[in-house]
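First chain written, first letter: the chains are A, B, C and D, and each begins at residue 1.
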Amino acid sequence: MSGIVTQEGVAAWLRAFAEAVAKNREYLTELDAAIGDADHGSNMDRGMQAVVGRIDGPSAGTAGGGVGALLKLVGMTLVSTVGGAAGPLYGTFFLQVGKAAGEATELTLAQWAAALEAGVKGVQMRGKAVLEDKTMVDTLMPAAQALSAAAASGAGLAEALRQAAAAAEQGMKATIPLIARKGRASYLGERSAGHQDPGATSSWLLLQTAAETLAAGAPAEVPGA
Amino acid sequence: MKKLINRPEDAVAEALMGVAAAHADRVRVHIGPNYIVRADAPVRGKVAIVSGGGSGHEPMHGGFVGMGMLDAACPGEVFTSPTPDQMLAASQAVDGGAGVLHIVKNYTGDVMNFEMAAELAQDEGMEVEQVVIDDDVAVKDSLYTAGRRGVGATVLAEKICGAAAELRRPLAEVAGLCRKVNANARSMGVALTSCTVPMAGRPTFALGDDEIELGVGIHGEPGRERRKLASAHDIVEALATAVVDDLPFGPGDKVLAFVNGMGGTPLLELYVVYGELHELLEGRGISITRNLIGSYITSLDMAGCSITLLRLDDELTALWDAPVSTTGLRWGV
Amino acid sequence: MKKLINRPEDAVAEALMGVAAAHADRVRVHIGPNYIVRADAPVRGKVAIVSGGGSGHEPMHGGFVGMGMLDAACPGEVFTSPTPDQMLAASQAVDGGAGVLHIVKNYTGDVMNFEMAAELAQDEGMEVEQVVIDDDVAVKDSLYTAGRRGVGATVLAEKICGAAAELRRPLAEVAGLCRKVNANARSMGVALTSCTVPMAGRPTFALGDDEIELGVGIHGEPGRERRKLASAHDIVEALATAVVDDLPFGPGDKVLAFVNGMGGTPLLELYVVYGELHELLEGRGISITRNLIGSYITSLDMAGCSITLLRLDDELTALWDAPVSTTGLRWGV
Amino acid sequence: MSGIVTQEGVAAWLRAFAEAVAKNREYLTELDAAIGDADHGSNMDRGMQAVVGRIDGPSAGTAGGGVGALLKLVGMTLVSTVGGAAGPLYGTFFLQVGKAAGEATELTLAQWAAALEAGVKGVQMRGKAVLEDKTMVDTLMPAAQALSAAAASGAGLAEALRQAAAAAEQGMKATIPLIARKGRASYLGERSAGHQDPGATSSWLLLQTAAETLAAGAPAEVPGA
């Protein structure tokens, strides 16, 4: 076995994502100012601060229930603190990943990839966006697909997460020329082209921090193994 | 940025504390999750009407809680949709056993948060219907985009549905009325200046000293066209023509004409606008049989106005005339 | 200057035409001389209440014409007192045989024009009493100057006297009540931005991006002090302390607290202000038993607010609560 | 007799005053902007245009009734078109001058001086201002007194009017250092010092145009006669 996703790894990932959001708060808000309403950075930061407060707070750990319970707590927290479009979307994402992850405290790469795919489906069910609508779906969907493909091809966890992050980055950048068809940016019509989507950008941070943290607890991989 | 606030991040919560202190006789304010309910909620056997949205549009929605209008309002952060837990808790607090109607303005965030709230409420056995308001003709309606925004018709729908609920009409009928209002109402707005979101600290958009934004949204979203500053006559012509031609409203129609201030525009100017609108509609054979003039769905301190027309029949007229007792709209009681 | 008007010189007249078109069911608008009277005037046997002043303070006074408040309002040009012939014609139109009360804000022009109107009316055999309102503590009261300005207390006096007149109280009593309101009310305002008079085309006074004018008048008159922009908390403290200490209001007093927007300030901020005021008065043992929050006596598009406190007794409270039906203030009917 | 005030002379004076006000409209408003509300020029101009419209209008002249009736018409017109402080004050001034002038179509200098004094008394009765309150009274009162003094000393009309205008000018200039105690400028307290009072300035125009027009119809005077 070339690496498993553990509950501690997931917690580390969430902390790293929160930190990345905090660091990129102004940047995300600036991207949103160009084609939205200049709040994506503060929305996500408010939400992820609340998430960290809960998973590291006094009542943390007492809940038990494995990776699934942890991620459902994250989803509920985002739903109730973020608001706007990002709240239900990221909230649904984590709720669905958590549901798919179930009560296990450790997941194989294949299980983890399937859980992510479920999360992306949740986002699409909630927001009805398809690829190239210039949303976070443009980042999340290719990333989840890359993860599944890597798992199917027998790649190790760290390598698979790297491939997912690379796909995420590509998807994020691909939003730049697009004309938005969903969310607030769609009011701009053609004037939305030429700007990178803020939600696609925060989603890239999500995948990037996953690559940096999720495989950390796993045994070192032999390249090419 | 010059505002009568303390820390920007506290503005919404402190305004809610002000509402609580001022109107304890008519509403209860709940903090964490934030919502405002009428003091006598839940009203047994009455459909409960819940709305909400980002703050910054006062008196909408909190000022419309009371007899004959809303049972509850859920205020989000400024220009940010409230969250499902607010809507769920508010719905629970006002459910009188006859079901709950959620009136939702068509913005992606609002729609999704209200959807999640409805799912949660239904999980708990509550009967919930949702109607999405999308009356802003400045935005092209299309299946492939977020669609038209919800603006002035929201106020009219809340009043009319509130009246129907007081008459103990069943949920399906009240929801149907809400859809009827939405189907017969159209709006468009204009900004003379940008609004300034407290947390942002500077104007949302830049507008030259001689420019206006025709078709602006209530969050400062871009409109149809940036134009040179024009006379009230020409501005009203642009707004009203777009509104009239969209439904379209035609000769013989009776309408409620709603001239709304965006927050920074004084009443004197709204009456100049109303005078122009009256003349234009008369010229097209459309008669105004009811009107509403004032700042009811605002965009913080934005200068500008919006025009909403609602085609009236006897049913809508009677429900509009029915008593209402809120801090924002009051008559007959 | 960005305003929803046509030619600046026509703004007042066109707004009046808008009022006429909008509210024919409740008021009649007369042009040349300009005045607004309630649709059912004259009311036989009732003291008629007439007020007026420069335009630009809407809804005051035209929006307060109706059952339970004013019988007539005389609008002048923007910030310019109306003329005696307006007041005379308006008084004649509403005199129901029980005499006429003129409620006058204390500005040299208003006082002299109303005085001339009273002389003319008395020459024609009308019974006229005048009460001058001067509640603005920003200006030092002195026999040797024009004295304190009339501001927020005017709205309260018009409501309370209107209620007394509906109860068919005689002229002397209604005038006495007006003096009682004035004696028990104090106000002070603050500007965050200047207003812009349409005919002038540019801001009346210059205020830095980080400055406020404490004690500003409703025509943009200078106040007590120009200060650095401060928090709502500190601004309310400055205004409320000046108001409370002037009368003075003391522990055990019951008051009506009126938080008024100057025209360009949104409701959200007024509720933040109200929350601060509530806390401050509570700390001083003064309890708010009635309140009014909104933009009722404005200064065109000025951003800012004013605070008015009126010491209440049972009589004033009951008259405040009595039904009123105007476009600007309405309850109980 | 060294000159009489005729009805035609009075009409010419009113036209000249209207013209002077129109020409100085911006100037008067500027003075008012400094210590008032920037409307004195437009107020006076609106009023005097209306006056000229009435005295030269289609129904003019049919009224008859001499100088008194003419001036009462002027007063009524100002009262009903000017508003603010200047409306009642100038209105009362002309009403009182007219009342004192009576039905005559010609007035001697002494009669005219007495009429002016009555006008000033009217202004004071209406506005309750005394000398040095920084108002139009500072111009009007010394001017009327100068006129009476000249009449008593046997001066001719033209000379008397010149002396009145000179006194008016001096009174107007004397308002500059004063602290306003009446009208809108009084809100400024000490900050009103250093500015010339707008009403005192329009009153100077009134006296100045009187000197230029009122004696025009009278026989030429022999200086020193």
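Simple rule for what comes next: a residue touches a chain if its C-beta (ideal position, glycine included) is under 8 Å from a C-beta of that chain, and two chains touch if they have at least 3 such contacts.
Please read all numbers here as calculations on a predicted model, not as lab measurements.
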Touching chain A and also chain C, the following chains
B
In the touch network of chains, how many steps separate chain B from chain C on the shortest route?
1
Chain C and chain D, separation of their C-alpha mean positions in angstrom:
34
Taking each chain's centre as its mean C-alpha position, how far apart are chain B and chain D in Å?
57
Expressed in whole Å, how far the mean CA point of chain A lies from that of chain D is 82
Listed in rising order, chain B residues that touch 2 or more other chains are none
Drawing the touching chains as a network, do you get a line, a ring, a star, a complete graph or other?
line
Report the complete set of touching chain pairs.
A-B, B-C, C-D
Once bound in the complex, which stretches of chain D touch chain C?
37-39, 42-43, 79-89, 91-92, 126-127, 180-184, 186-189, 191
Contacts from chain B onto chain A in the complex sit at residues 33, 54, 76-77, 79-85, 107-109, 112-113, 115-116, 139-140, 144-146, 149, 197, 199-200, 204, 217, 219-222
Provide the residue numbers of chain B that touch chain C in the complex, in ascending order.
2-6, 11-12, 14-19, 21-22, 55-56, 58-59, 63, 192-193, 209, 212, 229, 231-233, 235, 263-276, 278, 288, 291, 293, 295, 298, 300-301, 303-305, 325, 327, 330-333
